[in-house]
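Please find the structures below.
First chain A sits with chain B, and in the next complex the same chain sits with chain C.
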Partner chain A sequence: MDLGKQDPVTGRVTTGHEWNGIEELETPIPRVVFFFLGAAFLVSVICWFLYPTWPLIWTYSKGLLGIDQRVTVTEQVERATEARSVWTAQVLDKSYADIEADPALMHLVTETGRTLFVDKCAACHGVNATGGPGFPDLAAKAWLWDGEPEAIEETIRVGINSTNDDTRTSQMLAFGRDGILPADEVGDVVAYVRSLSGLQPAEGDAARLDKGRQVFADNCVACHGEDAKGNKDVGAPDLTDANWLYGSDVQSVFSTVYSGRQGHMPNWGAKLSPLDIKILTLYVHTLKGAEN
Partner chain B sequence: MVRFVSGLTVTERQVALVVLLALSLIGLAMAAAGRGDPMGAQGFIVMIFSVGLGFAVMSGYYAPEPDESRLSRYYDDPTKVGIVLTMIWAVIGMAVGVWVAALLAWPDLTFDAAWASFGRLRPVHTSGVIFGFGGNALIATSFHVLQRTSRARLPDQFTPWFVLIGYNLFCIVAASGYLMGVTQSKEYAEPEWYADIWLVIVWVAYFLLYLRTLARRKEPHIYVANWYYMAFILVVAVLHIVNNLAVPVSFAHAKSYSLFSGVQDAMTEWWYGHNAVAFFLTSGFLGMMYYYLPKRAGRPIFSYRLSIISFWGITFLYMWAGSHHLHYTALPQWVQTLGMTFSIMLLVPSWASAGNALATLNGAWHKVRDDATLRFMMVAAVFYGLSTFEGSFMAIRPVNSLSHYTDWTVGHVHAGALGWVAMITFGSIYALVPWMWKRQAMYSSRLVEVHFWLALAGTIVYVFAMWNSGIIQGLMWRTYNDGGTLAYSFIDSMVAMHPYYIARAFGGLLFLSGAVVGTYNVWMTIRAAHAEAAAGETGADVPIAAGSGAMQAGE
Partner chain C sequence: MPEFFHRKIERNAIGFVVAIVAVASIGGLVEIAPLFTIHQTVEEAPDMRVYTPLELAGRNIYIREGCYACHSQMIRTLRDEVERYGPYSLAVESKYDHPMLWGSKRTGPDLARIGDKYSDAWHVRHLINPRDVVPESVMPKYGWLARNELRIEDLGAHLVAQQDVGVPYTQEMVDNATRDAYGQATPDTDAASGVSERYGAATQVRAFDGDPARVTEMDALVAYLQILGRLTEAPYKQSAAAEAGE
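Now for the complex of A and B:
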């Protein structure tokens, strides 16, 4: 072999070749490399025997452990469902009142309900269920529809203005845009409505209250009621409380009356199991608002 | 520009003009046929690019021909331009990286503009650093290494320009397309069919150039670095062609549909994706390391034999490993087991390569201490070892069940990309720039030192942030409460990630600052060389015929 010169640092000789000044030493491969190569190969061979690995012509080697990931995951899901059934069966069987009266069960329901709520509902209603413009604050308990558990369950199941055949339907008409009321009368009723919950009146509101009251009586009472307390059968909000779905400033209320409103909630019955809907109902029904 | 054109023969100038004319006509055809489709805009970009270059060639067209003595010198002009392009792409790609990192921490930074959305900017970052920065570095250094280790000049002066500039046209078409929403939705293979076809042409020219030069070599043996560079070019061609097999909607539309579907498509994509890591981001850069590290250290390679088994080990084993990206998916389990076991075995040749590099430094550790350039390369070898260990570890199915889809993967990729790929590139560039521009050293060795510490600090901050983030995320996704329900919602895990996302953006910013410092340093070195040349002092060219003994010390 055409060996080159000896390297003073390592004492090894070079291979005798040189590329633009780069040389290579004839160092034998350290034995540790062979050891680990052998060890890694051994681990692999063991895995090949234990697990499905090699493709054969029509099938593949199944492995001594007989593991199949599809079977494994199916079994795991079954086991988990069975383990949960200890309490989920109770949730399905018992009435809302009974469940809420059982603190141990409610603890499990609330834990699960929170994860469900944050994954499914928080995008609109917020992580703390406090809502936002156009999306109701569920913690405030100012129910547009009824706040009883059965009603909440129904709302979750069929949705509001959704694609479900049984959907809850609700619409605030566009009184101004559709020409039902002239703009000045819209302004009058806005002044009146804002006065109902004791909001800071805008300039000149005082003079419009009488006219506004009349406009309200002629156009709004069908849904919002003569006392303006709303109607839970048609999802018409109470206008006398402090909750404002689309904002309480003059501009927002004017937009609501002038252009109308029509919120939307999906029909979760198509996506969630009856159990999940019941858990969510319990979670929402027992929510504690920030202020209470 | 004129300087580079005047280095070409008149025939080569004519060939360049013909090719640029043809290219601008293709651009015009794309612009005309693709009206109302993103392809039209892409056509304009191709046309402006080639017409602009055509003017550049014409401006030097009547310069006197270079004399025959050029044939006794290596042809380094494309390498010089490639180095500058490497630094430009580094700054672009890393700046967009910091931007998308900031978007993850503060998602409202998109200005409600489609082009500024995360989904469009992210591939600009990944392609910008992998293909723009990494690819230009590989092309530039491969031309340099190939000629030196073969003691042969590149066979002609047109092809290296075609490869370098053609490749950058691909990068520009790709990046501008992403901003317009052009993508075939394959990670690291986003460019659409026309860009892919163009890259095939460029790449074949690159491979043939390599073979033609090797055929002219005056050394009896082919040096290790060239094995790696060739593996990089050859395998990337195979990967690119197979993974991008697709049928365009029409020749006038940017959109195409993959030949594969379902799990076959996923497997093809990750066979491509993992081997892009293997042969683009590993093989090519190992080639770089095998030349610049021993050169800079002034030491012989620790073991020729180790180089051989590492090379064939990496080349053979990597090909099987791609399926570890699809653990616990619809991919049949036997393919997953195969991928896992080959990934485990892959660790041995990977560490053998890293060990070979580090053992080469025996007898030169005092230089590592004093010379930030060599230290870049040493740290690169260490990060290569770390990230290959991490990769093999994460390929084990049960480990993957925790790490998959989390930021741990992102951290792993960046340990490799920042710690290994970028560090070996910056080290090589700091070695190469003074040789190319005939300087004793870089403009400022202190700035090299500053760059080194910024890069190291940035990498460590980034990787630690993503380790923490990824493992927390993975654990949150699998924690159950007493009732058997997942304890955390997805948003809970997002909230937990937020501080790490800020830390990651900061780490990336440090790394980017280092690249900016490096670009300034390279620029100032080139300026000093030009100022000196203008003052009448000509750099001593080194004749090939004089043999290695007469070579400049640094070459």
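Now for the complex of A and C:
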């Protein structure tokens, strides 16, 4: 316990401990460390007063600055919305035709629309809006539900077969599975339907065309029309064009007729503002086909 | 001075023990003390419902497959997140999450508002092979989910475990857990009607994997994904109120 004993070699003070003759030099923490430690504590104490920190008995200390992240983010979004209102107000006020006739405004709409499209729509319809099996190609303009801007807006807003009360509803019946048609008649009508758009006929198709035409006239014309051009009021596709949502090979068309189809588009009215929907409508309506 | 202080406390056994206890309790205090005012930090959400047995099974699969390692479920109060994903997450939305799945890493996008954003068919195809619908995706394939039959007979026990940690499942829900899990994935059966009776009319009852004949793990996971962010309308109301100037 003789603190202050000098080490004869270095001339420095030892800690006073001794373990089997081994002693330790006293090497105190540098003063500057204590200075910064103290400064850090001081900063944290100041922060206690400035920001929400301590739980009290019934409430918590709200802080002198009154900062609330939720208020902050709401204000940031409001400011951004206001900054954009220079042109978004025009988008909301003008008609679709007027906006599309204004190249400067359309440039802004397309830029914003692309971001929205990639984030919200591209998962199904693809980054270039070219769709995929089961998900419509929007660039091809083969509209199931009319391609006028007002109709596109409605589709985006309420969705198709969605959870919205006003949803567009459409269903291809399962003619085979539900026993409306025997399997061989399904085969006949598949041969006929594929012939309508001039697809390469499968073996033996030629002989089935007459029967297929009759089956089509008896079962399919209600939705697809006598000329098989479809009906945009019920989302029935045109069977005479080159667009095939679920594939044009015999097997795909057969399973469409046999097991039915019912696509689903979410109702974006629940997630997007009217402005966003209008921008997306304009973006989709003015798509110029596959870019890449 | 510090040398003197340390020397003194180190040589006083009781004093040293008291000092250790005081320092060690800071960690506990930081975790426990905020709970004193939890009624002020967790929002009101009277319309908040519990997970159905099928959704809970899906949640267990989400945990089993480690989805949380790449997907967060927490939209922070930052402008870019709110504009991309939707209203920021509220504490009350995780009220029935045991354990919570907020996550802290996003290799994939945040999933807190994924419910009803895409169709069931999209989720099924995406889980079987993500590259089919998102060519640049790096997510692994989860094709076996569509093949594996879902284990539903022990779901009642899962509900009891949730009850034990404070989730308000009723005895009726526990008793019917297996039946409800089956019913939610098989519309048009007798079991289906009980689900909306017990969990609310807005509960989604359909063949999530597209096959009403079987209840697969795909059914459960898609049912869970489709309810994310939709257990309560509170976050949407809160952001609408904020837009209207409160």
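Assume the second predicted complex is superposed on the first by the 215 of 292 C-alpha atoms of A that agree within 3 Å, B and C clash if a C-alpha of one lies under 4 Å from a C-alpha of the other, contacts with A are read in each partner's own complex, and residues count from 1 in each chain.
We adopt the following convention: a residue touches a chain if its C-beta (ideal position, glycine included) is under 8 Å from a C-beta of that chain, and two chains touch if they have at least 3 such contacts.
Being a predicted model, the structure only gives us computed values, none of them experimental.
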Touched partner set for A:Leu25, first chain B, second chain C, both or neither: first
Touching partner for A:Gly134 - first (chain B), second (chain C), both, neither: second
Partner chain in contact with A:Cys47 - chain B first, chain C second, else both or neither: first
Comparison of chain B and chain C by chain A residues contacted: B
Contacts of A:Cys124 with chain B and chain C, given as first, second, both or neither: second
Touched partner set for A:Leu108, first chain B, second chain C, both or neither: first
First (chain B), second (chain C), both or neither touched by A:Leu209: neither
Partner chain in contact with A:Asp7 - chain B first, chain C second, else both or neither: first
Which superposed partner A:Leu275 touches (first chain B, second chain C, both, neither): neither
First, second, both or neither for A:Arg84, with chain B first and chain C second: first
Shared contact residues on chain A - chain B and chain C: 26, 28-29, 54-55, 60, 69, 80, 119, 122
List of chain C residues in touch with chain A within their complex: 2-3, 33-34, 36-37, 40, 77-79, 82-84, 86, 88, 113, 116-122, 125-126, 132-134, 204, 239, 242-243
Interface residues, chain A side, partner chain B - complex: 7, 9-10, 14-15, 17-30, 33, 36-37, 40-41, 43-44, 47-48, 51-55, 60-61, 63, 67-69, 80, 83-84, 87, 107-109, 111-112, 114-116, 118-119, 122, 127
Contact footprint of chain C on chain A as seen in their complex: 26, 28-29, 34, 54-60, 69-70, 72-74, 76-78, 80, 119-120, 122-124, 132, 134-135, 162-163, 263-267, 270-271
Chain A partner contacts - residues on chain B that touch it in the complex: 148-149, 151, 219-221, 223-224, 291, 294-295, 299-307, 309, 313, 328, 332-334, 336-338, 340-342, 344-345, 347-348, 351-352, 355, 359, 362-363, 481-492, 548, 551, 555
